[in-house]
Amino acid sequence: MNALETVDLEKRFGGIVPTNSVSLRVREGARHALIGPNGAGKTTLINLLTGVLRPSKGKVKLGGGDITNLKPHQRVARGITRTFQINQLFADLSPLESIALVIGEREKQGARFWRAFGGDEAIAREAASLAQQFGLADVIGERTSSLPYGKQRQLEIALAIAGKPRVLLLDEPAAGVPEAERHEILETVAALPKDVTVLLIEHDMDIVFGFADRISVLVEGKLLVEGDPKEIQNDPRVRAVYLGEGAGD
Amino acid sequence: MLTILFDGIAYGMLLFVISCGLAVTLGLMNFVNLAHGAFAMLGGYCAYVLVNFYGVPFFASLPVAFLFAAMIGLVAERSLYVHFYNRSHLEQVLFTIGLVFMTSALVDYFLGSQQRFINLPSYLQGRFDFFGVGIGKYRLLIILVCALIVIVLQLILGHTRFGSRLRAAVDDQRVARGLGINVNRVFALTFAAGCGLAGLGGALGAEILSLEPHFPLKFMIYFLIVVSVGGTSSITGPFLASILLGIGDVAGKYYAPRFGGFVIYTIMIVVLVLRPQGLFTRGTSK
Amino acid sequence: MLRKSFLAALAATALAVGTLPAAAQETVKIGIITPLTGPFASTGKQHETAARLYMQQHGTTVAGKKIELIIRDDAGRAENTARIASELIQNDKVSFIAGFGLTPLAMATAPIATNAKVPMIVMMAGTSIITERSPYIVRTSFTLGQSAVIIADWAAKNKVKKVVTLVTDYAPGHDAEKSFVDQFKSKGGEIVESIRVPIQNPDYAPFLQRVLDAKPDALYVFVPSGQGSILMKQYVERGLDKSGIRLIGTGDITDDDILNGFGDAAIGVITAHMYSTAHPSAMNKEYVAAFKKLNPSLRPNFASVGAYDGMHLIYEALKKTNGKTDGDALIAAMKGLKWESPRGPISIDPETRDIVQTIYIRKVEKKDGELYNVEFESFPDVKDPVKAAKK
Amino acid sequence: MSTADTFRQADAALKKKRAWHWLEYVFWLAVAATVFLFPSQHTLLTQIAIWSLFALSLDLLLGYAGIVSLGHAAYFGFGAYVAALFAINFTGEPLTVLLVAGIAAGLLGLVTSLLVLRGSDLTRLMVTLGIALVMYELANQMSWLTGGADGLTGMPVNPVFGVFPISFRPTNSYIYVLCVLFVLFVVARRIVHSPFGYSLRAIKGNPLRASSIGISTNRRLIAVYALGAAYAGVAGALLAQTTPVVSLTYIDFQRSADVLLMLIIGGTGYLYGGIVGSALFLIAQKFIGNVTPQYWEFWIGFALVVIALFARDRGVFSIIERVANALRKEKAKP
């Protein structure tokens, strides 16, 4: 059964059609990568999957259930969440607070207005271990805005994982990370729990081929081809449209 | 009945002349200038002092009121406003309300708290009948002068280099700067012109809108309504909105004196709620 | 920052305890609360000048007691008036509170005066019901009903058959409208329409247009004193002056303070009121001259005599109780007092503690370059009709 | 560091954040001391306490949820009128009156929040302004109910718990208002440190991320807007109980502007801004007012411009802000 599926998904902004009848299938526990040149419609597709945008036509299915008409926060409750290419963090809160917040929301304790935040030991304990796991233990109490960029990227992913998602959309996790710290991010991505299905949106080929077991290529809003890394690497169409130009870098 | 329509148009025209400056300030610079009414008041008092104390003929005082308010606008923009362009709307509100309080207190100190009138030349007073419709001479003057201003504004915006640069800057500052347009200078000149127009409107309006130290606060709501209903992306939006508001206010008072106030405020809320983004900017949220 | 104020407070308390008033001669304090800022600031300035003038002329000791005047601004907001009143009573231990430029301000302070048993002298607010709000209220200004009834009588007698009334929509306006309508109808007159204008109103034009269409013989108007000028401006601008509709009303609309700003169009307007700067008595001439010397920019209007006579009432009451400041004794002393005021003979009605005075019919005329309300008919000893009708 | 150490550290940091800082104890002791130290100023202090509660209600919206409002007096005035009418027609028992006023204003907040929460800051400024103006017109037109421009008088105020009389007793009134302020402050402090409170700060910090970690931003903002309206309603009821008249000035633009200015002077986002700001604002107004009654407006305007210019971040009173930051840093350090 597919963890995540789209059926003839389409999005039209007047004349332009960034998502043109896309039928994407991501299997349970897969390490699926979505690649494509800039302007291929990757970001629009993510926004359609997370509910930020409503599709003009077609369906989005999560674990078989239709989530096309759900709002973003309802979809998160169903188990699909994302990280952001450009950090979207809570500047005033500390990593501990941010992670504990996500766990609180997940456990449906987010709206409680009388209990103390972090009072629930289980949540505090889980938040601490997650922070440890993402190498944030030493900065656990600092204001997020004062953290080094690399640590912020780690927090980006930690927040997504803290929601215990069934499907995780990883949007260029290593974007902007200096060469020296890239390996930390890649290790974290590799160490992601096996039961989480990951759709990696990336254009850096080393990361893609080091990580993905299935790859879909998106060009001008349409799914050009889908296959395992080997097929994609040798596919003439992909090479011509995409790898051919960027073969050098 | 036609007289009410006539009065409404005159009132609307006056509101437009005063608030079109605010529409441009908001649209161009995304700047909440609650002190816009203060420039209108300064123009009004400038004309009042010139005509009543120095015997300057009424028509001569209008351009001076325009220049006086524009000059003060320029000085204020370069010295104070410039620090607030990339600050939050809340800080802009705080700053401009502070300015309003200061100008009101200064005018109250120097020119007293009573309501002031500009001595109009006799040929502008009274009314005449035009096929049974009572036409107030002064209100007719307002319509003519304001119509002239609207036409001149359209010409400047539509057919001059400055106009095109202004519209480009309104559309997207970054792109405009990219094209080598000195956006800051466009800001400064447009802000000053906006204040000048407000000053002129203040001078013209002394007869109808009460000219007294609390003018900026009292009429701020009217100007904000014109901008919120009319939008800031073009001149025609605020123009239609001010005519609608002018007639709505006058007719509201004539036909339902008890509910005059409601009409305008409810229009504002309804429009804001239905098209919060659309009106303020052309679909794209700045 | 908190620590500093903590120490300052300690020092202040020690100082205050140290210098208990041991002066032989007791001081009687009078607290005047009036709007010195905001839309009604002109009333406040009249009160302040008149009160200071009275003390200048009549000295600062009465029945062996030194008089001290404290003037506070309430900006025409009722919550300020109430707060200042209780502060003056609590902290400054005033024996009188006076002023009250608007009806809501007097209504807000009435319960405080009752509770503290401190005489409360109303020097401006004109709604009839105010004196019923507390047994410690005495009024030296006027009631709307007094002027409205007299102008109604005059109109009925002078061939005015159909009248449209236009009043501001708040308590004094309702009083002015009701007294006029009842009196005018009782004399056979017809009320074509009663228009009420919202108090927050920047523009009278549409309402006046309505009057023009109704074509009455006369338009009866009541608006707060500051609004008279814009109403007159738009009355002319609408062409009502040339339409044969006579403008009549209570004296508020041709307030002496701003009459000159109206322009010649105001000439001929008939009003009824209890005071005019041009009142021909010798006492008034002297009063006007002294007032102008104290504050040249102001022309004394009906608000000023409200304050001037209020001070006189306080001085006389203290004389009668030879300086004792017990509230009930003072109020008893005030009842029934009669004296000559710049406006003419006045007295305090013992039952209602309201003012009984002569109401004059006056016409706006130009005298050596300035506009005045010239009195040409007088009706002595007019009581407040609204309360009289209730009996 | 082992997970256990990290957890101990984390738990300590979170607990420290909630705990009362010693400076807060000193603050409230000083506030309580004013009852004895300034016996002659109780009427002014009562007003400061009421404005503090009103500014606190706005801080919940602005400081914690980032909702801008230029018409918060709508709920203050509505609470006052409901309190007065309820007391006149039913019972003058003060605490019930406060409760009823709070609930009524909260409901009004709930209803109007649907209008306010659409659109950007600018639209919210205008919509809140519009709502307050409509409420003003309503109060003015329905003079048969609200007394219109003359105000509503004759509101009975029974002694608190039947024993502690407050009407016409400045000292008792001040103690009563202070207690209500303190209780509501503690409640607000608890709410702000609850998961709900943190989710507000998350929404204010980054609405996009907040919704993408499962927070339904609209429902939370509606809830806090209603809470803020309820607090403002209670503040309005308190003023109605301690001043013998409820007039249109309870709901006019001047009041909405003043409370916003007080909060910004005191600084937003740490709950004490409202109290500090209203104290500074009203004490300055009283002393400047007595010196030059006419031109008080000039100096407050001047102060605003200076604050807006020089208090760099969020225009807050920079000195207070630095103290607040010191306060927060000290707690946040593990």
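Points worth noting:
Letters are used for the chains, namely A, B, C and D, taken in the order the chains are written, and counting of residues starts over at 1 for each.
FYI, a contact is a pair of C-beta atoms (placed from the backbone, for glycine too) under 8 Å apart; a residue touches a chain by one contact, two chains touch by 3 or more.
Everything numeric in this text was worked out from a predicted model, so none of it was measured.
Using the mean of the Cα atoms as each chain's centre, the chain most removed from chain A is C. Pairs B-D and C-D differ in how many C-beta pairs touch across them, and the larger number is found at B-D. Centre to centre, using the average C-alpha position, chain C and chain D are separated by 38 Å. Chain A and chain B have centres, each the mean of its CA atoms, that are 50 Å apart.
Between chain A and chain C, the centres computed from C-alpha atoms are 75 Å apart. Across the assembly, chain C contributes 37, 41, 169, 198, 200 as residues in contact with two or more other chains.
The set of chain A residues touching two or more other chains is empty. For chain B, residues touching at least two other chains, in rising order: 113, 258, 261. Counting only pairs that meet the touch rule, the chains in contact are A-D, B-C, B-D, C-D. Looking at the complex, you find that chain D touches chain A at residues 1, 3, 6-7, 9-11, 13-15, 17-18, 190-191, 193-199, 201-202, 205-206, 208-209, 211-217, 219-220, 223, 332-334. Residues 50, 71-74, 76-77, 81-82, 84, 88-94, 96-98, 100-102, 104-106, 109-119, 121, 124-125, 127-129, 131-132, 137-138, 140-143, 159, 162-163 of chain A touch chain D in their complex.
Contact residues of chain C toward chain D in the complex are 2, 6, 9-10, 13, 36-37, 41, 72-73, 75, 77-79, 82-83, 86-87, 90-91, 103-104, 107-112, 115-116, 127, 133, 169-171, 198-200.
Residues of chain B touching chain D in their complex: 26, 32, 80, 83-84, 87-91, 93-95, 97-106, 108-109, 113, 217, 221, 224, 228, 258-259, 261-262, 265-266, 268-269, 272-273, 276-277, 280, 285. Partner chain C is touched in their complex by these residues of chain B: 3-4, 7, 11, 112-115, 117, 125-127, 134, 136, 138, 207-210, 214, 218-219, 249-251, 253-254, 257-258, 260-261.
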